[in-house]
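In the two assemblies presented below, chain A is common to both, partnered first by chain B and then by chain C.
Coming up: the complex of A and B.
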């Protein structure tokens, strides 16, 4: 099928984009890379009256750094994020997770900010952003504000973004030299994660000095596996410690049940995948 | 709205409705029916084309988003009546049965070889993750892509030419 008719706006600055959203009211949709939106429009699961295409706003693309953060423009594609040296050096968990998103064609078009704003709990970038303490830079009619990832995700497909607000960039605090792995479980190629686990560890002299663990699709929003983190910090990075820590993975989560598996199955998966992710991060 | 794009080396300017999908524009307005549509969900990859040198699913992009871009479709690959080496490798390795997935497979294969000119089997399978084939079981497709990689290698070209000369053909 083809989408139902809509008006199309193509702003060239963030301010114009916000104005287009203000003018359009509640019925507007922001078109970023379009890899989730276009299929939804084609199946007519959504029929916005206005589509605001932010693909020609130069400020939204590219990756920079400041003293403490890697700053990822919202419209930077998955392909560019995964290959970027700043991301690989200072936020390797983001690179590892991004490599697993969908398939190559979709990674060429899909964007970092689009995935976060879409807030699908099975999306692979939410948990890594949360685990690394990312901060969302949001533009609206009254200027810009910053929202930590821990407050940004509200529910299934729901963020704190208002209808007239736009995600501009994401500041990811530098985790230079941390060991990372993203372990994703799905049944067929290009399918969404049933459960996935992102881990990032700072290991020094064989000891785990710090740990961040984020879970994908274990609740309506991404969650930090705090129990796992606490069981790791200050311990030697050995197989026994990793295995024991992974046992805490499902604590405090509220996974859904669907055709891919029920809540108990997801909880078990979270532990198994956390164990794998930890040993992969330490071993390679 | 008015959009301009270069498709297979020719520039076209047309009026399109904003909701027009790129694939629909290619097929219905420009007659590029070599690019096909296999699904509504962005999963099958049959519609894969190159936009500014990268593979994309042309069903998951608006024609408006391709305004000002350079597009290559399966129809733009052959040179002077000679198939592109990847097309020839698909032919020689019997990498198709019904052929519906083939335009997309070939466009994606070219993209993956541009990123990795000498991929192992695993890399080929991962690189074709976004393309579904309901006929072949993929074996010959993977074989064809690896065969194409050898054909495309400059060293291999030189070797083959030497062989040809030595063989007196």
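Coming up: the complex of A and C.
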């Protein structure tokens, strides 16, 4: 379990990090928490010539806010995200989802930005980021650009990040006071999701004023369950409405098949879990 | 001032070895480094069946730090064939089993070349520079397909994929009636087919081996359960004189049978160290451990049970297919046979027939894994008892009671000819039912059914026994096993009164150092702290049969007791001389000989010192209290117990949650309740894991797709219920301590308890079986009358998807 030899760069600013990537060409890899990259390197499934360790770039770590957004630095660990008050108050779905990631050791090392850049469709933070309309702040040789989550995820393990670009931060629009729940279905506590559903609801006077529902592992990219959202908005937050809305959960998805379930089973899970997530969100 | 000494045996002592082991600050093989040590890495076949057309090692040989690159052809003359010690039938087929494949590979992961370099990174890099041309051959994976007439062959030279057919028939053996007659006359006949999925032992410490060829003896450190057997097998396989080999199993981090093996890696390290004249070390990666350390189980069971309508069993017929994998390893073909005598379990079954066809496939070898043969048997019979109960609409416990051996019937000779020495199934069951609230849970089950609750409740029973404490040498001989089943021990009385105990048992996590110290403390009347237990080095512990099959306490510790008896007998003679009395006038208790009716006495430590000085010993007495003993058991050990499991089954998702797990085990007399508890908890976790989580899956090319812990799911504490454990204590009558084995009991008992509970929860929905592991997908599919197609190959875990996505 020894990776192939590689050069190691440890920049201390975003600009240096981007420069290191530019210098390395196609063969560089960014190292964040290493929880996904290191297994890949050790199994020699990837053999970058340069590894750019962004662990010592202060700008990338920490959580701030502006008027409309909570801004999560890419290098902020799962542990820090889950217990952060800004996240809990304004993007509680992200906190709920992050709590379910892996186990405590991994949550202390793995990062928010690493998870999104890695773009594993079974990763738990993609669908919440999509559902809440997060925007990725990306730095490259020509400066910074912003990419909405709905455009960021392209395919299995593929984003719009170019080889010389760095995910710097994620702007999550404030969903202050929204009720949320992340319902994850896996086989053992520290495993990845077979299917998971994140819901965030704005309930006012017993009516569902707005709704966001994101599905994990129901396609090669995270999916927003638009049908469910539409069935909820403007309706009373009662059990019947929630149940009926959940029936739309699998619409427009294209789940894969593997030992943990075929497409039909995943579709069933999406509906059941959506129903449960909705009633947990409303009830809790 | 004769303080009544509280006996050590029975105390819940914390294990004295644990601080060292769990901090890792100890002698794991991989922690050992020798001057000038080289590192070996192995190139493994990606193909499950292929001819090796060519291997080009020239580039690798020129790489930095590389000292040797060796292929099977280079070693063909000296590597011999890896040993199989159990020829279960005279005509058993046993293909040559080279440590390094010579011209054909037969499973994915088989070693095809090795590199030895100055660092393990350099060795690893050089592997990538070796170029191998494979010509693919047809891959045989499925046992039923493998024995079809026109099946491609795993080993062309054998002309068949069948390794052996082994049969036991109670009518032929004269131990019971004819099963065919019983089935023909059966008022009820139940036929079932169960699959024991392939499992991976998944010990915590990967295997590691280091050989130092620079002394007069070759010294081989290995993370093995069997240092003594390994030494003999190295000698026999490689033709090296046995006295020129010293094997050390330093601290070993788990095995579960997975390190009861003579491995290709051990041979290769030995051969390369010899060739290069320098110490060579190899430590496997976790991926190598998953893919190439032997696997367990992998059987298909066809079962026929006949009974009367009142639930009395009249006959049982067992037809097995057992997957050997591609070769025979140390005891591969015998594993299913270890179960042959256990299908009748605790029941009085009058007619029994067992037949097992062993089959070769292009997968890694199977061999011992916790329980080895008995979990399969216990699963089959305990599942069948539930099926019989369902068929007859009787309570499954009632059906068991009708058939089991009553406590007053012991000793009881079974339809297999084994004599169970003791047991009390009624007592264990009564206690378990009470702790479980059996009647209350049955009531709730009914309510949930009537309500049509989305979450249904099931109750599963397993009233198990097993045979362990391997084994009476004569019985092993009758089964054509290649060795005996005795164990050796020695006790050294040091001049200062301290004690060294040498044991042939070879602990790898069980806590022998603590338990043996407790036993010896009581036997010799010395403080627990004054006893040191030495093991796992053929130089200090020169004789032994090692640790597996729950044998250490029931065989190994009895040898320790016998050695202690001899120490006391020697000391008595010297004490009589010192105290000027007859030997018969002496009492020995609490570590002191006292002259009966006086206050004169001498402690065992005083005697040890006097023996050391040897100034005044009786005539003809040698100046030593040291003793040794070798114990061969007369019988197996038959622990038993009643395990009750309540599961909640979510009919909407298929998820199974264990609501309650109660087990009352009878392991005879208990030396250390805390250790017993630990063995039971760990055993339950592994047995439950077979029921719910673990499965080695191969794709159609024979590649293991569950090769990481992201896909091969092991439960953690978060995935298991809080166990309620208790005991009854019916002493074994075949050893002086009254002890029985406990190492495998939990694993053997728990799997059927869980599956019975799951099936019980959804039987009213038309389900009478769910294949293991009972994943949510399989359970949901069963409930909804669908077949869960899990053959897709991809395991579905996260690192699995990394492999797919990033290659």
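Some notes on this structure:
The rule we apply is simple: the second predicted complex is superposed on the first by the 284 of 284 C-alpha atoms of A that agree within 3 Å, B and C clash if a C-alpha of one lies under 4 Å from a C-alpha of the other, contacts with A are read in each partner's own complex, and residues count from 1 in each chain.
Heads up, the rule we're going with is that a residue touches a chain if its C-beta (ideal position, glycine included) is under 8 Å from a C-beta of that chain, and two chains touch if they have at least 3 such contacts.
Here the structure is a predicted model, which means the values were calculated and not measured.
Using the contact criterion defined above for the overlaid structures, shared-chain residue A:7 touches chain B, although it does not reach chain C.
Contact with chain C, but none with chain B, is seen for A:120 once the two complexes are overlaid on the shared chain. More residues of chain A lie in touch with C than with the remaining chain of the pair chain B and chain C.
In the superposed model, A:39 lies in contact with both chain B and chain C. By the document's definition of touching, of the two partners only chain B reaches A:106; chain C does not. Contact with both chain B and chain C is seen for A:189 once the two complexes are overlaid on the shared chain. In the superposition on chain A, A:162 contacts neither chain B nor chain C.
Common to the chain B-facing and chain C-facing surfaces of chain A are residues 1-2, 4-5, 39, 43, 103, 189-190. By the touch rule above, chain B contacts chain A in their complex via residues 1, 17-21, 24, 40-43, 45, 48, 51, 54-57, 59-62, 64-65, 108, 111-112, 127, 129-131.
Per the touch definition, chain C reaches chain A in the complex via residues 120-121, 124-125, 128, 285-287, 652-655, 693, 695, 697, 705-706, 708, 710-711, 713-716, 718-719, 775-777, 780-781, 786, 788-790, 792, 794-807. Across the complex, chain A meets chain B through its residues 1-8, 10, 31, 34-35, 38-39, 41-43, 51, 53, 55, 79, 102-106, 108-109, 189-190. Of all residues in chain A, those touching chain C in their complex are 1-2, 4-5, 36, 39-40, 43-46, 103, 120-123, 156-157, 185, 187-192, 194, 257-262, 264-265, 268-269, 272-273.
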